[in-house]
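Across the two complexes that follow, subunit A remains constant while its partner is subunit B and subsequently subunit C.
Our next item is the complex of A and B:
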């Protein structure tokens, strides 16, 4: 990403929402930034890391979100402005710390947590709404609608945090984080306080009850400051027929929906940017003016429920109101909002006609589109080591024959649940939980459970949250085989470095923490295999499965195919000997393209033989090992580094 | 991303699915290897056969070649295969032109062969005479588990001498050799289940290479077999370590399984061994490899000697040629031994018939 410290104040630039947040933080004088990568949040720390030298700040990829926020809090205790950014799931990881930090308070330096939520789970295992943390931990919550507002809000967030000495939460969404908009940068601060923690001051959660009371007071004070900050506003007729209360990206969707319906004179939008604590006065004011209310927010009915509760307190004064939203089914309780969804809801409430596209037309255009777009399944890249790894796991568990189970984890290799991974993953939850599941299964032998257990975990996840479960398994002698799919990259989120790579966020050399050194320290038996070598990998896994007795580790080590591509590419030029290819006959039946399914392989129906798609194939050579006829030929590519 | 992984839908009546359902999942597989090596869908490792993926075809060969497939029933499939070879089933010993007690004359087989070395002697002769150019035998491989190997000369034959009491899927090697449509004639030394599968291969309309190239089939007597992992577990339970030099099942009434290592010879009660035997063997009616060219087993009460049965014309002439060259010593078996052999063969038939009925 670009060095954001080099932007010229006052000159409009096109910035991504995440970059606007990063630049805003720089302008606010942030000194310490930590994060764990995860879509859609990763670019925040990436751009801060790339600006670190220019801006004189510290930026790190932490091993997980909890460590990131704890580290940032420490900086805030010394008076520096600090922040941690993460995706929605990361908030869960950090939650335990957050719920205690809010009691102890955050110290003299402003402390901000940015959560980037992913409605519709576009690149997530869930579409969790992380705003819950604000209510759970009594934290001020800001929800920007546009990149410019995001930039303004993050500056305010630092000030607010310093005012109330507590953490402030800023919530972005995929669409906001990844949209681009013209931004006018402001000046960067020239000075920074010298960090100092007065040893007479403690930041601890005791005594609990008085500090709990103080936490409530802080939130109330935050509410007053937020109400005056100008992030909440109303646009629309004085006495609308419908009041739309919206936050985040839904503010823009709602405005677009009103335009589509040409109903700007009927409905007004109360845009809330400072959402928790609720701006009660403002909301009550508007409720008094309108009998019907629609809530537009993603994903959970957070404002919807809280505002209905607020209304209940004041119902006597306000009289009867009709509320619409997720509870009434006017809007879906799942997935992203769209202008179309909102327009349909508004039209239904207002009794307007809302014509979507003719159904027959929609069907026909979808069919036409399908013809133009080549069919593509959600799958591993050509040459991906995970395909080879799952192949070895599938084949080995089959010959082992004891109905082995595979406990999955979070990363590219989560796709093991799909055909691209031969559906060889039996469970997936959150970061690191695969080892916990395996740990439990590995204790069931005493009850007669006789299925072998394989746990797969990526290298980045290994450091993020697998270690405690692994130590637990070693200690309690849980019986399973751990396969660390070590592609030496956090590939899923964009190749951020991690402890195993030995590089840090800013590209400086750090101290490498190799997976095998962890195994050695724990006294775990381990072996390193190259998943591209299918036979050797299968043999090693088979032997590990037969051994039994405690955790055994196999490190499947092969660089991510995309990283290999950047580093000079794979060694082979592939071709299929059409004469030797058995095609659809007994003896094969398109094994390579139908079962192995690397996108580099296709089947030429007319020729009755497999063909290599030279554009897609990267030349890893793995498919040559699975062809029964030796028809897939790997010839060394001269120019490649072996 | 999907939270729940839908159970895979099963395409209708594909042959591999039938093999999986009727044989593999039913626990009937005896790891003969007939279905392995034909295609990439069926794999063999450490004595086990598995089929992790669907193949999608319904006209394949795997199910047809499987000696343990329930359809057609054992008797009728054997009768058809005998008829194809111009013979009648002739229970309980199967078609035969001559039965002898025999041993190899050559001293290089002593101590290496299981008993009289007749199997190795005849196979080596067939290679030397050019009756066949290559042969599939079974010998110890990875982890001590038996596996098929293609040999071309006497040295290769000798390296495979001796019996390993575990299923080695060695027909895999035969299928791999037969992937070449043309080439020298092939020989096979196999257990009765493998001999049945080899006959099915020769007779299969979609396996012309087998009809063309499969020349000589030497059958071994067999009552039951162990899975490779079962044998290993048995040895481990007995605390036996290091490579095994010889296994043997001395004739009744011994009721023991002998295991000879570098350090010791251990007698394991047969009752213990039977806990590990292949379940599918209980359904096999064939003691003496009735569809072979020649069949070879132990000679009752005569250590170092074999029982030799010549069945086909080819088998008979091979024995004759061996005798003429002084490679074999043949003797007429005592009537009592023959009676015992007939009784044992009839008993295996009856047990299997009963077992099929009870399924």
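Our next item is the complex of A and C:
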């Protein structure tokens, strides 16, 4: 990312939503920023880290989201403006702290939590709506619609937090975080307070009940300030046939849908940017003017349900209304909104004709696509060490023959559930939960359970949340093999550093915490293997499986292939010996392409032999080890750095 | 600043698609920066979740004379599709195509792993080209990867395609504006290759 402190105030620049949030925070005078990487939120802290020296702020990749928010809260207690950013899943990790922080309050420095939700799970294991945290913990909630509004809102969020001395939640969405638009930066502040925490002041949650009451007062006060902040507005006819209440990216989709339908004179859009607590007066005012209401929001029917509850309180004077949205099936309860989906819903309610394209074209293109277009599966990159790791795990468990199980975790290697990982992963949930699952399985021997158990975890996830489960397993002597797939990067989210890399967010040297040093401290037996060496890896895993009795650790260590690519590439030029490859006549049933599934190793139907795709193959050399005929050759690349 | 030239369409909606790792997001940023500089309202929506893991990726560059567009091109409303991989051009046409859409595609296939594994078939190239022509008003079927390989690096195919786009008459700009945007993102040492890629791409339409 770029150093955002160098942008010229007043000069329009194309910024991503996440960069707009980061620049807005800098303009608000943020001093302390912490986060754990997770798409679609990662670029916020990345760009703040790259701006840290220029702006004189502190930016850290924390070990997880809870530690990130706790650290930011500490800075806020000393009077500094502070923030933590995370994806929707991260809010769950931080939730325990949030639900107590809201009782203690956040102190004199503004404290903001940014959650980047991911409708349709574009880069997530779920499409959870993290707005629940605002209701659960009685926190003010802001939902920007555009990158420019995101920048304005985060500045307001810091002011609001200082005003009520509580955490403020800002919710972004994939389509906002990863959208670029022209942004006009403002000036950066020149001064910031000296941090100080008066030792006579406590920030604690007791006495609970009076502080709970205070929390409600804070939220009510926030509601008044938010109503006056200008983030909620109405555009449309005085008395519309349909009122659309929209938040986030759906505001723009709704406006475009109305244009597509040429129905701007029939329906109006009540855009809500400051959504919790509900701007009740404004909403009731508009409900009074219209008999039909459509809710446009992602993912859960958050506004839909809350506004219907508000309506119920006022139904006597408002009279009958018809509400449309996820509850009525006019909009899908799953997946993201689009202009077309909203246009279809509006057309249905208003009784208008709506077609995205000429019917004959739609029919013909659907026909041709069904006939010609195969899916494009996600898969490990060419040269990815995870492909080799799962190959070794698959082969070894097959040789072991006791129907071994593999519990998976969160990272690139989650794709082990797919064919690219030979579907060798039996469970995946949240960060670190693979070790918990293995921990449970590893205690079932007493009931006659006799399947060996393997847990796979990536290096970054290991530090994020695997440690408590590992300590638990050591303590209670759970019987499993932990394979740490250590590619020395948080690869899935953009190669951010973690404790094992020994570098910090700003690229400075930190103190390295190596996986093996943790194993040593816990007294765990461990070995380090190179997954590119299939035979040695399989042998080490086989031995570990046979040992039994408590946790044993294998560290599969090999740099992420994409990082290796940037650092001079891989050592080999791969080639298929056309004489040696017997193709369909080999008896291997195209083992290399059918099973190994590397994008760089294809099968030439016409020539009847395996062939290396020169554009895609990176030259890792692993496939040379799997060909039963020895037809795949790894020849040292002359210019390569080994 | 008001833009000088009238747009080919209002909004001008260009979808850039391809496979993760082909430089799709970079191409959309270059285009977005160049258009923003000319005073247009630009929105670039990027979809790249699992992009580097071999999946299909898509960026949407939306351009208007004034104002702000949402990040998503409405279904079946793309002005043009710029594809770094031919199969992906057809995939995107299904969702965003219409009889007037213009398609520019690299002719170099990248085999999905499921095709490599023999679970699915990649369409015959002649069929693919014919279908893309049938479902669009104009098709440019371009050897962008071949050109990039001649220039020494297959990753340049995205810049070759941008050069072709600039020569297609769809954009209110030419190669110098794209080159200036590239220069903001690349060190000077990499600019000669980018300049050549743009020029060779534009020449493909000559």
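Following the convention adopted for this analysis, the second predicted complex is superposed on the first by the 625 of 642 C-alpha atoms of A that agree within 3 Å, B and C clash if a C-alpha of one lies under 4 Å from a C-alpha of the other, contacts with A are read in each partner's own complex, and residues count from 1 in each chain.
FYI, contacts are C-beta pairs under 8 Å (C-beta built on N, C-alpha and C of every residue); 3 or more make two chains touch, one makes a residue touch a chain.
Just so it is clear, the model here is predicted, and its values are computed rather than measured.
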Superpose on subunit A as described above, then tell me if subunit B and subunit C fit or clash. fit
Chain touching more of subunit A, residue-wise (subunit B, subunit C): C
Under the stated touch criterion, which partner chain does A:627 make contact with: subunit B (first), subunit C (second), both, or neither? first
Does the superposition put A:358 against subunit B (first), subunit C (second), both, or neither? second
With the two complexes superposed on chain A, say which partner A:305 touches: subunit B (first), subunit C (second), both, or neither. neither
Where does A:423 make contact in the superposed view: on subunit B (first), on subunit C (second), on both, or on neither? first
Go through the superposed model and pick first if A:443 touches only subunit B, second if only subunit C, both, or neither. neither
Mind working out whether A:586 is in touch with subunit B, subunit C, both or neither, as first, second, both or neither? first
For A:594 in the superposed arrangement: first (subunit B), second (subunit C), both or neither? both
Tell me, in angstrom, the smallest C-alpha to C-alpha distance between subunit B and subunit C in the overlaid model? 10
In subunit A, both subunit B and subunit C touch residues 594-595
Contact residues on subunit A for subunit B in the complex? 121, 125, 394-401, 414, 417-418, 422-423, 425-426, 428, 538, 542, 546, 586-589, 591, 594-595, 626-629
Write out the stretch or stretches of subunit A touching subunit C in their complex. 12-14, 16, 39-40, 118, 122-124, 146, 148, 174-176, 178-182, 249, 252-253, 255-257, 260, 338-340, 343, 356-358, 361-362, 364-366, 368-369, 372-381, 412, 415, 419-420, 562, 590, 593-595, 597-599, 601-603, 613, 615-616
Partner subunit A, residues of subunit C touching it in the complex: 19, 21, 28-29, 32-33, 36, 41-50, 52-56, 68-72, 74-77, 87-88, 90-91, 93-94, 97-99, 108, 110-123, 127-128, 131, 134-135, 145, 149, 154
Which bits of subunit B are touching subunit A when the two form their complex? 1-2, 5, 8, 38-41, 43-46, 48-53, 55-57, 59-61, 179, 206, 229
